[in-house]
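Scrolling down, you'll hit the structures one after another.
Heads up, the next two complexes both have subunit A, just with different partners, subunit B and then subunit C.
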Partner chain A sequence: MTTAGRTQSFEGRLARFRAVNAWWIRLACYALSILLLLGVWQALGHSFGVLFVPFTTTMSRLWDMLQSGPLLPGLAVSAKLYGVTLAINILVGVTLGLLLARSKLIAAAFEPYIYILYATPTISLVPFVSVMFGFEFGSRVLVSVLISIFPILIGVTEGARSIPRQHLDVAAIFGSNERQLWRDVIVPYVTPYAMSGIKQSIALSMVGTLVAEFFLNPDGLAAVLLQGTTVVDSGWVLAVTIFICAIAVVLVGVGELIERYLVRWRHTAVG
Partner chain B sequence: MNDSGAERLVVENAGLRYGQLDVLADISLSVGISEIVSIVGPSGCGKTTLLRCVGGLNQLNYGEIRIDGQRVEKPLPIVSMVFQHFGLFPWKNLWSNIAYGLKLRHAPKEEIDRRVADAIDLVGLKGFEKSYPHQLSGGMQQRAGLARALVMEPKLLLMDEPFSAIDAQTREQLQFELLRIWDRRPTAMIFVTHAIDEAVLMGDRVIVLAGRPAHVRAVRKVDLPRPRDRSVVSSPAFINLREQVWHDLFDQPGANGARIQ
Partner chain C sequence: MATYSSRIEAVPAARWTWGRGLITRERLAPVVAGAVLLVIWEVWVRAQLPDFVARPSGIVMAIPSTIATAEFWSGVAATLGAILEGVAIGSVAGILIGVSMGRVREFDWFMSTYIRALYALPLIALVPIIILWVGYQPAARLVIVVISVFLPVAVTTADGTRAISKEYLDVGKMFGARTRNIWFGIALPSATPFIVAGIELGFARGITNAIAVEILASVNGMGMSVFTKSNELNENASLVYVLCLAIFAVGIRTLMIRFRHWLAPWYHR
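What follows is the complex of A and B.
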């Protein structure tokens, strides 16, 4: 009796678990939460008036700004800074991360500064950067990179340090040389760590790009944003913000897809 | 048991210490060309360390290890190893894991294809070539670990508690399959285990280690006929040997001394 009851309740719970985790239920929850957010926005917008315009107004402003306005030219400027930032983050972050993990001397020399820089609010460095390097592209790249490189750097270092001894033993027993060790063990092992850092850096590089543009002689999308802030045009500001968010979400999504492809040995379903 | 050329492996007065800690003390043993030597001892007594030294993964502080007369200072290509926790690369599918050693040696593609297919067949994993390790059970992963070692056609096979992380039923199955594989092509083998039954079932000799530092407490010759199958386990000779090894392991030394046979 008791056993049967317990079995049934277990099966019941299992069925409930399956139902809750069905894809269409998750999708519905997702859609519902977005709808709810937009509804709240719309309601708030109607009560605040010009200081916080409703969602619908924002979207029509966005549409106008895309048709004719500073948004796309601004994007072209920001995209260049963003691209260079992300490229440097990946290149320097992965290389330096691996070096830090594989060389105790390099780690001893550089690691303290990395954590100090990571903990420093980059904004406080902006005046020094501008005095030393000016307001041009190079300074912007520096500020933007300082804001967004650390997830990759730290992720790769941690990953490369945690390679299990057994993997290295297997490589040694089967006669792997150093180059083969990197190709067969180190790079594949570190890839998930690097990709998770890169995904965070994809979003942070956007923040870095805007901060750098904001505080070093406004340009690009940040200048467009400022243009609205100074005249307290909330529709303008919200439209630009939505635009930037949408781009960031798409870019992170692309990063997610690349990650899934690269570490498909983790994600493949049981079969 | 002398260095007459009939021995594949000779260990002479091997010693190893980590800092102040003696891990191996004066260990001497040998393994014949087609002999299985089981090494049994309590957990943490240093038997795995000894095996790692034979594999060239750890270095001795004194003494010498020779395989076919060649001093072991780094892993030798004629030696292969099966690891306790399988040691498959999770990012390589089963085929690539098994082909790993041959690929490192730049073997011709047709040869890799043929030998890997044979090895997969031998351990009964046909049809799972494209599976990733996380999709396979522990038993199947260790079959792959075994295939990866066998495909190299080693002259000395090192087994580091290969079945200790596998459930009891599968373990028994794998023990007899390993014996069957060995019967087809006898190879020198060191089989490290903490299970007395397994040591007796596998070995031509059982070396009992005691720690610390690890030293040889007893050597037992296993006079059980080959090929060995399930019936061996219930034979009086097997049970008798198992008892002897048990006493070697757990009796206080000095009661009747270390019995060397």
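What follows is the complex of A and C.
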């Protein structure tokens, strides 16, 4: 191995170096990208003035806003809408999904409209929703759900439709009743599909929450964000954007944890 | 749970044999369901809500007068033009960055901090800062569409080009392929289904975010018209714009799915 390493070409040695030190190089790449971002931000911030404040200013603004500003009250408002949205997505999405998988006729009747509703930019329906249902919490939930329910709905439908015939036959042969069939065959089989839909919905519900808050009488974090735009306070807007970004990264991380857990669970369930 | 019987299985569709089986229950069902939904909407609005609220008959009546205006066509041109332009720029940039990320591990690591953070962030949250920087102008719309398309395309291209099977690479090397041949001759073509999926996702997000910018920055376009018509209590005209947006969005999605199946019939979803 060592003699071979000595006689290798430059390219070979480079490849070996990259393979051996992969972990360190990876760390260095992460560090470099973050440092570069902060450096460029800081430099641009000092030269642009009001429209683009430096990183350090943004962070101190963020700290101030967390201490005494509107950020945490706004977060509380948004979190409530988010929680209700996600809960409805899971409950209604799973139920409707199973219904669509169960009944061919209902599926044939409503699937084209679900597809159209899914493809239509929900944001354009906001005025219609507000005229029909007002600007209150219910309307916000409706808009938010319309944006984020589809991954669960579609995932569950496809999952339940793809249950292999053999599983159902075996269950029938062993004389399982309705409850046993659901407990032992349908629920375990559909769960991974539902969970991967929920993972996507965790991220999308945040989009839905923000859209609902932006366009139906501003409220929550979106209102805080818009407040900064109207007074052209870039420090304010950047601080709130970073705050939202941090929340989003955490939520996506939670979704990925669920998926990772699920993959393991799937392996053990099969093997 | 009484509605579920004990089996989820493919029951052969019971066909009503009218018109030599052309009219099946499955084909009839969406028509009936759609008609019922429209009638419920119409009756409910007539019975319960004020006259300006949109209802199906009103929307149909409003189509000619809305389409005949110059405002409509300038809005359509502005919004669709910006979306198509943004998709073109974002896709090319996304493919170039994505293939570099897929083929060079270090570049992947370097970019992943930015791309992961931006990918997680609902892009609508970026709209205020972009408006602040770019101004209350159409350019803000273009910028957000470019970002909306760039991110998914870069991610899917990187995913698609990262894992090429070793046989392809070996054959390529045997025929003396250079790096550029491997990148654009082997990696990129094998990643096309991924790339198309990324563009499809970007299109959907781009449309939404373009409308968001139009409303928040008062930029002329279809999304803007949806809201202004509604504010003028001209709900039917507002819904005509929504209808056009929906046709555009559904058309694009259907086209992209067809394209993907045509491009790579072996690749599902």
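Note that in this section the second predicted complex is superposed on the first by the 200 of 271 C-alpha atoms of A that agree within 3 Å, B and C clash if a C-alpha of one lies under 4 Å from a C-alpha of the other, contacts with A are read in each partner's own complex, and residues count from 1 in each chain.
Throughout what follows, a contact is a pair of C-beta atoms (placed from the backbone, for glycine too) under 8 Å apart; a residue touches a chain by one contact, two chains touch by 3 or more.
This structure is a prediction, so every number in the text was calculated from the model and none was measured.
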| item | value |
| --- | --- |
| Which of subunit B and subunit C A:A239 touches, first, second, both or neither | neither |
| Touching partner for A:L32 - first (subunit B), second (subunit C), both, neither | second |
| Contacts of A:G175 with subunit B and subunit C, given as first, second, both or neither | first |
| Partner chain in contact with A:Q166 - subunit B first, subunit C second, else both or neither | first |
| Touched partner set for A:L99, first subunit B, second subunit C, both or neither | second |
| Which of subunit B and subunit C A:M195 touches, first, second, both or neither | neither |
| Which partner reaches more residues of subunit A (counting touched residues only), subunit B or subunit C | C |
| Partner chain(s) touched by A:V84 [first = subunit B, second = subunit C, both, neither] | neither |
| Shared subunit A surface residues [contacts with subunit B and with subunit C] | 172, 177 |
| Parts of subunit B lying in touch with subunit A, wherever the complex brings them together | 52, 55-57, 74-75, 77, 79-81, 83, 85, 87, 89-93, 100-101, 104-105, 131-132, 134-135, 148, 152 |
| Complex contacts: residues of subunit A adjacent to subunit C | 18, 22, 25-26, 29-30, 32-34, 37, 51-52, 98-99, 101-102, 104-106, 108-113, 115-116, 119-128, 130-132, 160-161, 163, 165, 168, 172, 177-178, 181, 186, 203, 206-207, 210-211, 214-215, 222, 225-226, 228-229, 232, 234, 237-238, 241, 244-245, 248-249, 251-252 |
| Subunit A-facing residues of subunit C, complex | 1, 3-4, 6-11, 13, 25-27, 29-30, 32-34, 37, 49, 52-54, 105-106, 109-114, 116-117, 119-122, 124-126, 128-129, 131-133, 204, 207-208, 211-212, 215-216, 222-223, 226-227, 229-231, 235, 238-239, 241-242, 245-246, 249-250, 253 |
| For the subunit A and subunit B complex, residues of the former touching the latter | 166-167, 169-170, 172-177, 180, 184-185, 188-189, 191, 263, 265-266, 268, 270-271 |
